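Take a look at the structures below.
Look for chain A in each of the two complexes below; its partner is chain B in the first and chain C in the second.
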Partner chain A sequence: MTRYLPFILRNTLRNKRRTVLTVLSIVISLFLFCTLRTVITSLAASLESASSARLITRRSTSLTFMLPVSYRDRIAQIPGVADASWMTWFGGIYIEERNFFAQFAVDPQRYLELYPEYRLTPGEKDVFRRERTACIVGEKLARKYGFEVGDRITLRGTIFEGVWDFTVCGVAHPATPDLDTNWLLFNGDYLNQRMGDFGQVGAFVLKLDEPARAGDVARAVDATFANSAAETKTETEKAFQMGFISMLGNIQAVIYALGTAIVVAIGLVSLNTMMMAARERTREIAVLKALGFADRTVVGLVLAESLLITLAGGLLGAGLARLVFGLTDFTAGGFFPSFAVTDGTVAQALGIALFLGVVSGAAPAWNAARLHIVDALRHTG
Partner chain B sequence: MENLAGDRPIITLRGVSKTYRRDTIAVPVLAALDLDVAAGEFLALMGPSGSGKSTILNLVSGIDSPTAGRVEVAGVDLGGLDGAALAAFRARHVGFIFQSYNLIPVLTAFQNVELPLLLTALDRRERRQHVLDVLEVVGLKDRSDHFPRQLSGGQEQRVAIARAIVSDPSLLVADEPTGDLDAASAAEILDLIGCLNREFGKTVVMVTHDPRAAERAHRVLHLDKGVLVEAVRRERP
Partner chain C sequence: MRLPLQYNLRNLVVRRTMTLMTAGGIALVVAVLVLTLALAHGFSATLVATGRADNAIVLRGGATSEMMSSLSRDSARIVAADPAVARGPDGEPLAQPEMVVLVNLLRRGDPGASSNVSVRGVDPQVFALRPDIRLREGRMLRPGMDEVLVGRKLDRRFEGCGLGETLRMGGRDWRVVGTFDAGGSGFDSEIWGDREAFLPAFDRVEYSSLTLRLTDPARLADLLARLEADPRVRAEPQIEREYYRLQSRQLADVIRALGLFLVAVMAAGAVFGALNTMYAAVGSRSREIATLLALGFPPRAILASFLVESVLLCLIGGVLGCLLALPVHGVSTGTTNWASFSEVAFEFRISPGILAIGLLASVALGLAGGYFPARAAARRTVSEALRAG
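And then the complex of A and B:
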């Protein structure tokens, strides 16, 4: 087929404006497809990084209600719980609202030990435990804002009002690159004291002796606080994060519906282009067949042209998405820990481009194969 | 190029009928036609529109099939060939010269002439040599990188003739090859076709309305309503 390549290229560029517009529409639609699919893969990646050896205990009614910090000691005594710590969502604003990133007030004594996948030096941990206004930033956040140890960070509280000043005492490095490090942790004692020793926390983190016993332990924890003023709901870290995601509604179904609509729409665009291109060339196709080009060769030429257009669009669209989100370190305002277009997404986009090429080229190729030479030579299109 | 000059028939039509269908109406075009064309002959077909002359051209070139009868070209019974075999037959044995040239507008003269060679096993270098050789024969070697829109009508037809002969077919079929040309260009094209017949032994079957074009042929057949009504034979030079 390579000997026909110059001919195919010439035909593809015959109507440059139409070809460029078709390729552009495929570029845009597959860029959108990659973006939408990356929403799903990013959410899935954040779930994958969740540990099966940890449970999260929160208020049974809603995440927005808090639990007494005194629960920690009772939870730690439940069989199967190796250790327990706590955290509270802070929700502050760094300079302006669009600089969103997660901030937690955490138990300074134990919390860091429950997350060994984030690496800190013993010295950094020690300062964090001792200094009331100490904070730790994740590697990605530090890189984004240029935070270094010793820097001051000021947050404006939204849930906990006021201006909150912190000093960076460490930068946490992830053990694996898929881990989110777009966050800030600060010494929970600072929050507690400024709020008048209010003794409330957002959730507890439980380290399990045996991950296989997660179900039993969760039931035991919730049973301990059943019929109390603050009943609990305990679930695995993954289920807890899924709960967060499900608050967005059935985002996956919406994304798939949008993706399908985009693919169908663009399929019709490229089908229309190929039908027009083939119809304009009815007489030329007849000439080729008269010269001895077999039906299968003519079919191959039409399909190759269609594939060239859609694959060019696919490569550019997927490549652009990868480049844009790779270079800009896009996180949708911190909503996604990592928004990387995966190899799988690129492969899917190219698969769609291939599919579009075959589908949009099939009808004109079939017509070209069935073309009656004598009739088509009379064609004056 | 092979020289097939001689009196053995390269084309044989026996009892050939052709009826077209226009919706439910049958339109007979040829009726039980017998015809022999000798290898190396230059045959002109004349007659009014609808007389069946172009149909004969289509049948002998394998782009149409008869309703009844047998068509044999270069020893091949075309009725026994499927679509792919007919395509291969055309690529090997038939060169087409159309009235309106039918060059591919996005290809240069060189690339247009090269098209039939893409179907052969020739490599790029061999194809290039063949194309330049035939462009030289038609006097357009220096225009090989010109697109059809950059050529005159006569030059376009010469490129089309180069395309028709580049794969060295035994038979050239020409459908009103001078119909779109001025007198001077028409004379040049007829000279060229005559030269291909005389010097390279190509069998030529030409449909024409132009008596001056028909004068170049060894034999002129007049058709009317699908029947041969008159044959004029001239001495072969």
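And then the complex of A and C:
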């Protein structure tokens, strides 16, 4: 087939405008496809980065209810629990409401030890433990707002009234790029004191001796507090995060529906082009056949042209998606920890391009094979 | 001198495969556009319809939602005594404190999945303050009993929310004794129970908010000024309807922005398809164009004619797209509203306005896809066009 390559290339470039327009529409659609699929893979990746070696214990009623901080010591004694710490969602506003990011008041003594995947120097950890108004910011958040060690950050409380000032004592760097670092942690003792020693926390984080026993330990924790004033619900960190995603409703279905609509729409565009190209060339194909080219070869030529166009579109579209999201550090306002177009997504986009090429080449190729030479030569297309 | 529309229509029919494929691409773009707008519209329509324009909701100063707010009994009493508050037939102020909490409930028919539902402790006379809401099935709450009413959109979405079923919340079992219809508003996604039974069950001392009827909505400013001046309270009133509108704004904006981004990119792809089709139409009709020019049709008429044809082609797609989207109207869905962190059920709502936007978009695609080919056609000279054919 390689010796026909110049011929195929020439044919493809004969109507440059049409080829360029078709390739562009495929580029755009596959770019969109890659974007949508990356939404799904990024959500999955953020779940993967959640550890199944950690459990989260929260109030059974809902996350908005708090638990007594005194539960920590009782939880830490439960067999299978290596260590336990606590955190509270703060929900403050940084300057404006739209500058949303997660803020947690955490146990200054143990919390950081439970999350070794966020790298901090011993010095930074030490200041965090000691200073009442110290805070640690994640790398992405620091980059977004230009926070540096020593900077002051003022938050306006919504759940906890008042104006809260913090001093950055460290920037946490993630061990792997999938980890979310769009957050701020501050000394939970400060929150507790300012709220009049209310002794309540949002949730506990448990480190397990053996991740395999997560189910047993979770049941043991919940049994400890069953029928008390504050019942608990314990689940793996992964299940806990999955809960948030399930709250959004069925976004996967929406994304799949959109992806299908896009692929069908471009399918129509490229099919249309290929049929146009073939129709124009009815007489040429007849000449080729009259010269003795086998039906197989003629079919191959038509299909190859179609594949060339769609694969070029696929490569450019997937490449563009890689480039755009790779360079811009896009996170949809911090919604995704990272937004990286995976190799799997690129492969799927190319697969779709291949499929489109075959489908849109098939009809004209079939027509070419069936073509009756005499009729076709008489054809005045 | 204009070319008859008939000429364009016939041309589209003659090339029907091409017409249908191009229109099909446009149809999908328009369908996605209409559906995203319908989703955003349904969501905000639900929340905008929530609350009354003559009711005010009072929250603790600084709180952006009822979930974060707390109001002491004393504050509630002081606010209720304000002269801006309307009085009922019994002479008592029409002002009711309420307690709102979020409860995590299991979704029906989706094992393991759960979401947060707003649970509101209401006054026994709640319907006096919210006359647009009525009991749909069952009976009203009996004070002090472990009973709840459920909004009509929850019973099929969450476990234990059907009439006669039992819900476990706050360590107690609550029997569903009735359902209520809030006319498609956000209250339809809430669970209501007796406030005084809820407070201890959910371990609360203070209320979340106070809802009151204003004698005149214009007096909100007076009320606000008096409350700000009063050192005994830290309370901020706002019109109830406005409060819910603000709650919907963020998410509706995000849905619209994401949808429009998708549609804009898809539309670019579809315009390329339309360009191809129209260039092909111009190319294959070279001799026709020459004949028309020779007959004395001015180039302007040729330009107009091809433009009309392109718009017609895309309009077919627009109509198909609207038809494709229509069955989704009324399909109910739900998501967590970020502003309140609770689930809101709502329906896709396709309004005549949204359909008009869809059709207008298809016309715009037709103009964008038709202009250059039409101009190319109009610029031909007779001899050139005759030779090309």
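Note that in this section the second predicted complex is superposed on the first by the 364 of 381 C-alpha atoms of A that agree within 3 Å, B and C clash if a C-alpha of one lies under 4 Å from a C-alpha of the other, contacts with A are read in each partner's own complex, and residues count from 1 in each chain.
Please note the rule applied: a residue touches a chain if its C-beta (ideal position, glycine included) is under 8 Å from a C-beta of that chain, and two chains touch if they have at least 3 such contacts.
Keep in mind the model is a prediction, meaning the values are calculated, not measured.
J.: Considering only the touch criterion stated at the top, classify A:L311 as touching first (chain B), second (chain C), both, or neither.
T.: neither
J.: Of chain B and chain C, which one contacts the greater number of residues in chain A?
T.: Comparing chain B with chain C, the partner touching more chain A residues is C.
J.: May I ask you to decide whether A:L291 touches chain B, chain C, both, or neither, giving the answer as first, second, both or neither?
T.: Only chain B; A:L291 stays clear of chain C.
J.: Of the partners chain B and chain C, which touch A:G157 in the superposed model: first, second, both, neither?
T.: Only chain C is touched by A:G157; chain B is not.
J.: Could you look at A:R3 and tell me whether it touches chain B, chain C, both or neither (first, second, both, neither)?
T.: A:R3 contacts chain B only, not chain C.
J.: Name the contact category of A:R18: first (chain B only), second (chain C only), both, or neither.
T.: second
J.: Please output the residues of chain A touching chain C within their complex, sorted ascending.
T.: 17-18, 21-22, 24-26, 28-29, 31-32, 60-65, 91, 97, 156-159, 161, 227, 229-231, 233, 239, 243, 246-250, 258, 261-262, 264-266, 268-269, 271-273, 275-276
J.: Going by the contact rule set out above, which residues of chain B touch chain A in the complex?
T.: 58, 61, 63-64, 83-84, 87-92, 94, 96, 98, 102, 104-107, 111, 115-116, 118-119, 124, 163, 167
J.: In their shared complex, at which residues does chain C touch chain A?
T.: Residue list for chain C touching chain A: 17-18, 21-22, 24-25, 28-29, 31-32, 60, 62-64, 67-68, 101-104, 107, 110, 112-116, 169-171, 202-203, 262, 265-266, 268-270, 272-273, 275-277, 279-280, 333-336, 341, 343.
J.: Quick check: in the complex, which residue numbers of chain A touch chain B?
T.: 3-4, 6-7, 10-11, 13-14, 283-284, 287-297, 373-374, 377
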